[in-house]
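In the two complexes that follow, subunit A is the common piece, with subunit B as its partner first and subunit C second.
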Partner chain A sequence: MARMKFLCDAERCIECNGCVTACKQEHEIPWGVNRRRVVTINDGVPGERSISVACMHCSDAPCAAVCPVDCFYKTEDGVVLHDKDLCIGCGYCFYACPFGAPQFPQAGAFGQRGKMDKCTFCAGGPEADRSEAEFKKYGRNRLAEGKLPACAEMCATKALLGGDGDVLADIYRERVTVRGRGGEVWGWATAYGPAPGKGQAPAAPAQQPGGQKS
Partner chain B sequence: MRSTILRAAGAIALAACVALPALAQPSTAPAPADLAKEQQQRQLAQPGNNSPVWKEVRSGVPQTTSLPGRETNVLIQPEGQTWRALRVPIATAGGALLALVLLALMGYYAWRGPIGLHGTPTGRQIERFTPAKRMAHWAMGISFAVLGVTGLVVTFGKSILLPLIGYTLFSWLATLSKSLHNFLGPVFAVALLVFIVLFIKDNIPRGHDAQWLAKFGGMLDRSGKTHVASGKFNAGEKALFWILVVVLSIVLVVTGLVLNFPNFDQTRATMQTMNLIHMIVGLIATAMACFHIYLGTVGMQGALEAMRYGYVDEQWAKEHHEYWYNDVMAGKVPRGSEPPAPAGVQHRPA
Partner chain C sequence: MRKLLAASLAVAFVAGLAACGERPQVVTYKQGTYQGKPDTQPWSNPPYNGNKEQWEQAIRTRMQSQNEYKRAS
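Let's turn to the complex of A and B:
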């Protein structure tokens, strides 16, 4: 079986939040809950980078380790899912998760948080695949429909990739190879072409006959 | 060897202090603002090299996001792993402590049995606890017991109860435990404060408490012939009051309230710290309370009745709290109101 993974190529992410919106729309996620978010590091500083982050479907998931009712389980695709019928809303998964993935519909007095909600890798929950109950609790089960996660499918720059880890690794390896040899030459310029007037100008348009006119 | 290292460290620190003001870009430490500056310079020197950005990824430092909410701008919070790792040894040690205390108490009961009276009851009753004091005690005690049990269910239920009763049933039990714990916590806090106010006067340590402590109240004498006089409360009860009721319970209340009201937008780091303190103190407090519950129920004759009905026999007072008994007899402290029922008749039938 495939081991499902997310990969966010920070050299491509343009912080459009399309993944967040796609996720909210696809799963009809309630107000106040965002299963995915985009964080920009050193915003406004040259060299800023944005990363889209959600549940990373860890192999040794901290949420599952600390859950007092053991409501987490792993599918054979390596997707970490949870059972909202068992969840008691204690918030321990939210304390433990490094990525801030677990979300709660409320943060009320007396620890009334409601049932935890998080990214399902578009794989639903323990209910029957594509059932009404599954959709209401966990959102659409795109994996059961033969589709990949909505956020990655929707990503305009293909920065966010989701799917079989082996395939993602191949795609990313190819990108890195095309961008250049070492860390010192990776970057925005190599991914999207150099800034105008600076070396390594793409030769293609000039060589195409009649390319200048059209 | 150690002194060499210390001297070297001192020299480096000194050099740093001298050099710092001279440098325009002083720090190599990963403070966020410095990393941002470093990033800016790197961008000029080595365009495309983003290592300062990647140094910040795991720093837990707030960044920028357009999504609202507490800490949504933190990409990765590293403290969660520490919290996860620390819970296990705390729960293991606390569980072992609790098991040891229960075993020790069972062993003590088998060895000594209940502590009874040597003389015959006189039939004359002295009021030991007024209704207000009893109410405060039971409000605090019952809420503490429920909080203890429900806390244990949430902490250890996954490993002990879940395999026995299954997922669905245990989830119901855990939901019930969590709700009881969260709603009774503030009740406990109020009862605790009232209790402290009502009981603090009689629990102020006195000189004669040292004698009690030296002989441990005669509790380790199987024959029960060791007699130690004490005031209204003996040194053991006073220790319990100051350690369990005053210190541990107040820490529990403060940490518990921080955890119980996430609506004030506490950070995860705050709640993790509070949770660890709450766990440690809660387990120690529960273990300590077991001693008190033992002596207050099966361990000592007359103790439960004293807190339940408020009255003790003169003989009981003389044997267990002689200075208090003397004071009552001498009229220095009030004898209290007369018992509602004639002596010997415990209560109207249920």
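Let's turn to the complex of A and C:
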């Protein structure tokens, strides 16, 4: 049983927004809704880092925890999906999500909030697989075609990886080994800061000068 | 005294092994929690027609194709 996850390698992301475009094109996402977006930290400063963010398909998803109508479910492969027929567009999931993944299309002339829309890991939703109804509500179901999410598969620098968390961890580990650095981007020091007396956290952008690109 | 020490060591050893286990991290929703429509599995329709192994193999191949170190060699 796979645990489907995304992993974005900040050392490789070049902020091309190709993943955003691929997602929009693949699912024909309406104007104003971005299931995926690229966030840049320290934009314009040497050592800036970009990361592509969408629904992270949390193991214990806070959106599902707060939904008043219980419209979220998790597939056997760990993909968090929701039923749009049940969604009331209250926006609680947006407040609960640490990644800002839930999106709300404008449903009327006066800006009423429509039903929530979010990244489906290209796995569609609770409609017949690859049916027109599924495409209209949730977008294309690439997983049912034996494919991975479009954003990850078309990423030019392979910064964005999608698939089973264990496999992604192996790929990332191999990269870090070949690079000889970068493992510190994720982990304890990033989350909790450096150990006392060890100076700045290794992931701090000031310590990543422009050279040494792999 | 020695028996007690041996027993406590054995307990500590067994407790240490507990960390090697892996608890399933995917939440299993009980009937009645999710209120929406049921969904099918990605392998339950054509072209896989319920062949989960074939679907998993296709996904595995796709996942490995993201690793250019493997692709290049």
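The definition used in the following text is that the second predicted complex is superposed on the first by the 175 of 214 C-alpha atoms of A that agree within 3 Å, B and C clash if a C-alpha of one lies under 4 Å from a C-alpha of the other, contacts with A are read in each partner's own complex, and residues count from 1 in each chain.
The working rule: contacts are C-beta pairs under 8 Å (C-beta built on N, C-alpha and C of every residue); 3 or more make two chains touch, one makes a residue touch a chain.
Being a predicted model, the structure only gives us computed values, none of them experimental.
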Touched partner set for A:F110, first subunit B, second subunit C, both or neither: first
Touched partner set for A:V20, first subunit B, second subunit C, both or neither: first
Partner chain in contact with A:A133 - subunit B first, subunit C second, else both or neither: neither
Partner chain(s) touched by A:A169 [first = subunit B, second = subunit C, both, neither]: neither
Which superposed partner A:G146 touches (first subunit B, second subunit C, both, neither): second
Partner chain(s) touched by A:D85 [first = subunit B, second = subunit C, both, neither]: both
Which superposed partner A:A156 touches (first subunit B, second subunit C, both, neither): neither
Touched partner set for A:D60, first subunit B, second subunit C, both or neither: second
Which superposed partner A:V69 touches (first subunit B, second subunit C, both, neither): both
Doubly contacted residues of subunit A, that is, touched by subunit B and again by subunit C: 69-71, 83, 85-86
For the subunit B and subunit A complex, residues of the former touching the latter: 35-36, 39-40, 42-44, 46-53, 56-57, 63-67, 69-78, 80-81, 83-84, 87, 154-155, 157-158, 162, 167-168, 170-171, 174-175, 178-179, 182-183, 186, 259-263, 265, 268, 271-272, 275
Touching residues (chain side subunit C, partner subunit A) in the complex: 25-27, 29, 33-45, 47-48, 55-56, 58-60, 62-64, 66-69
Subunit B partner contacts - residues on subunit A that touch it in the complex: 10, 15, 17, 20, 32, 34, 37-43, 45-49, 51, 53, 62, 65-71, 83, 85-91, 94-100, 107-113, 183-190
Contacting residues of subunit A [partner subunit C, same complex]: 1-3, 59-61, 64, 69-78, 81-83, 85-86, 123-130, 141, 143-148, 152-153, 158, 161-164, 167-168, 170-171, 174-175, 178
